[in-house]
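Chains: A, B, C and D, in written order; residue numbering restarts at 1 for each.
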Amino acid sequence: MNKLRQELVALHAELVRYNLVAWTAGNVSARIPGEDLFLIKPSGVSYDDLSAESMVLCDLDGKLVEGELSPSSDTAAHAYVYRAMPEVGGVVHTHSTYATAWAARDEPIPCVLTAMADEFGGEIPVGPFALIGNDDIGKGIVATLSGHRSPAVLMRNHGVFSIGKDARAAVKAAVMCEDVARTVHIARAGGPLVPIAPGDIDALYDRYQNVYGQR
Amino acid sequence: MNKLRQELVALHAELVRYNLVAWTAGNVSARIPGEDLFLIKPSGVSYDDLSAESMVLCDLDGKLVEGELSPSSDTAAHAYVYRAMPEVGGVVHTHSTYATAWAARDEPIPCVLTAMADEFGGEIPVGPFALIGNDDIGKGIVATLSGHRSPAVLMRNHGVFSIGKDARAAVKAAVMCEDVARTVHIARAGGPLVPIAPGDIDALYDRYQNVYGQR
Amino acid sequence: MNKLRQELVALHAELVRYNLVAWTAGNVSARIPGEDLFLIKPSGVSYDDLSAESMVLCDLDGKLVEGELSPSSDTAAHAYVYRAMPEVGGVVHTHSTYATAWAARDEPIPCVLTAMADEFGGEIPVGPFALIGNDDIGKGIVATLSGHRSPAVLMRNHGVFSIGKDARAAVKAAVMCEDVARTVHIARAGGPLVPIAPGDIDALYDRYQNVYGQR
Amino acid sequence: MNKLRQELVALHAELVRYNLVAWTAGNVSARIPGEDLFLIKPSGVSYDDLSAESMVLCDLDGKLVEGELSPSSDTAAHAYVYRAMPEVGGVVHTHSTYATAWAARDEPIPCVLTAMADEFGGEIPVGPFALIGNDDIGKGIVATLSGHRSPAVLMRNHGVFSIGKDARAAVKAAVMCEDVARTVHIARAGGPLVPIAPGDIDALYDRYQNVYGQR
């Protein structure tokens, strides 16, 4: 589990490197393989000050199991996702600028880039507005992403939640979500977008999910 | 007091890290707890060259008490805030890009993000145009922020002043002010914004002020 | 060849430094002088983890000749360019933000900057939409750039391919492509652009190609 | 003179730090006090590779006096400025993004920020379109800046030239020019700008030129 704790610290550094987070607003969690537990960032701690030991262990109800610090204030949303989606091994939350801008307009990001077809298989959807403090955010994430190709959801007036088979995949989805949110925003600011044919989106998505990277 | 001086150097480095300042244009000050004194950046000195010793000690009239360098040209504004608002322990001034852009239009930033409800409790207000050289800037800051939830004010055609219970809280407010100024600008550039209901803003603000972070 | 491998690692670091790539999406290749071979980035490997040894050697059909990792998923496009354009010694592919935004609108970048006249000799053209998996992307690049002054093409809904006499020149073209894509986008967002007379573009291009830099 | 050479290397690093230059496109020069000579960047050399020794010494006709490398291709423009404006001790040239965007529209930057009144004393003017290769660029710079408060000029379809009593002051002007070009662009993209009264601009400029910084 110490390796997973160290990886979680390194993945938070990726959020910083890609400018997805300001101050302490963003977090990564990782399910402990084979157990009803996950590790998550402590609440309100600077990314510079994170260590393997500071990561907090929670059960799938979001209750603290081990750790000296309080878990992220978004822990209930992460926990709900792990309870409802057993295939998910990692969850990320950010308020990254361009993705959150789409969320503030309640507008999904249209799929006009091959890189977006690769990773998201179509548009990136918007989830409902939900207050923090109960399971509403978690329910909104799960309702939006269940049966959807996209590993990322723009929660209305709030920010991004992304999921993956592990924490690294969820961070990649968060990085790519901001990248395409920015590119498509800028593209549309300059004039009408050219769509990609649905059949081509399907072909790109299928190939990327099955062929890309090292075997 | 040496610890406070070192913290002030580190907090100026946060202004640089978050790209809130160009060249020497931006400063942080910290009230000395229990005394009618505060520490502030010296005028026109590069952020790279700041040291604990270079920080200048002033009284609440903004007069130099200790230090070899002249205090920031914004010292009178900081001093006025400390005189008028005894609960304030830190003040920050920047010309951060997006926040200053709203200020150049004399337009408050509407609260359409949950992160903005958390930190600012509603819109970020605009203060009056004021020339440097007397107490006009300080008066404008205090008149705008007194009784307002927001810890940041956009001074018209000028830039941001933010306050906090200590210097770190004021820097956080300056960082978050630019972050939401940028996100809301970009969001609105793409189409109409979706508002957050006033009752939801109140609920978010109340929770964040009382529950977030470590106890 | 080891020197070329090391240079390729350093050139990938330039893609990162200039923010042309997110996660693993972008690659540089270099023809082995005098041989029908080229080196290229391995597929899906982080830029931080690249080493001289990890670079993959391929023949001009894009088949793996030497290396433990699979070559970039864009290898077929690079190989097609090397087969069709013997004067090309380096190829770069990115999804850099502003250039890709023009590509998502199927719109060439007009030449309104002297730096653009210098490097591109006129507009930066758009190539056709093409799916990955066969020679269509390579054919689109070659059809667009053959006989064109520009060393960069915006592939529709996709991103940038740039070429050069060596890999360093192709990376320079990719960097300058994003730089002018951004500046011209921002310029046009503020009002009508002022054109440069075609004869002046010719004069600038001719001078830069023949006089600039060290002899 | 070695101290001046080292300072010139450090000032080129400021251009990089503030993202004012891409690849090798931008340069700083410094007049040798009391002599008809100046030091300038060598042509086409990466900022990473600059050293005190690599800086090239030229006379006021822009002819090489000492150095193993060819001087910057912009040397003639720098030389013309030193010949025509004896009070100038440093010159900077960049293609910084937002400033160059205003130049591509042939549009001066209106003075709507107190920081802009401080440093530029009013609008930042546009100079004529001019080809490289003779004294036209130098003449355009001098014609525009002579008798103008602004230490920076936007050369049409080209980029920024800034001047100062020494190279450091010219670099500061280049940094602030891009900073205000960006802020005012973004401000105007969101709606009408609020002007600053001319008398207030005068008061701000006068104070900043005479009171700011350390004595």
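In this text, a residue touches a chain if its C-beta (ideal position, glycine included) is under 8 Å from a C-beta of that chain, and two chains touch if they have at least 3 such contacts.
These figures come from a predicted structure and were not determined experimentally.
**Student:** Which is the least count of steps on a path of touching chains running from subunit A to subunit D?
**Tutor:** 2
**Student:** What angle of turn lays subunit C on top of subunit D when you fit their CA atoms, given in steps of 5 degrees?
**Tutor:** 90
**Student:** Tell me whether subunit A and subunit B, two copies of the same sequence, contact each other through the same residue numbers or different ones, using over half shared as the line for same.
**Tutor:** different
**Student:** By mean C-alpha position, what chain is farthest away from subunit D?
**Tutor:** Most distant chain from subunit D: A.
**Student:** Express in whole angstrom the distance between the two chain centres, defined as the mean CA positions of subunit B and subunit D.
**Tutor:** Chain centroid spacing, subunit B to subunit D, equals 31 Å.
**Student:** Which integer distance in Å separates the CA centroid of subunit B from that of subunit C?
**Tutor:** Centres of subunit B and subunit C (C-alpha means) sit 43 Å apart.
**Student:** Taking each residue of subunit B in turn, which ones touch at least two of the other chains?
**Tutor:** 189 - these are the residues of subunit B that touch more than one other chain.
**Student:** Using the definition of touching given at the top, classify the network of chains in this structure as line, ring, star, complete or other.
**Tutor:** Ring.
**Student:** So, with touch as defined above, which chain pairs make the list?
**Tutor:** Result for touching pairs of chains: A-B, A-C, B-D, C-D.
**Student:** In their shared complex, at which residues does subunit A touch subunit B?
**Tutor:** On the subunit A side, the touching residues are 22-25, 42-45, 69-70, 73, 95, 97-98, 100-102, 104-107, 129, 131-133, 156-159, 185, 188-189.
**Student:** Provide the residue numbers of subunit B that touch subunit A in the complex, in ascending order.
**Tutor:** 18, 112-115, 172, 175-176, 179, 182-184, 186-187, 189-194, 196, 200, 203-204, 207, 211-215
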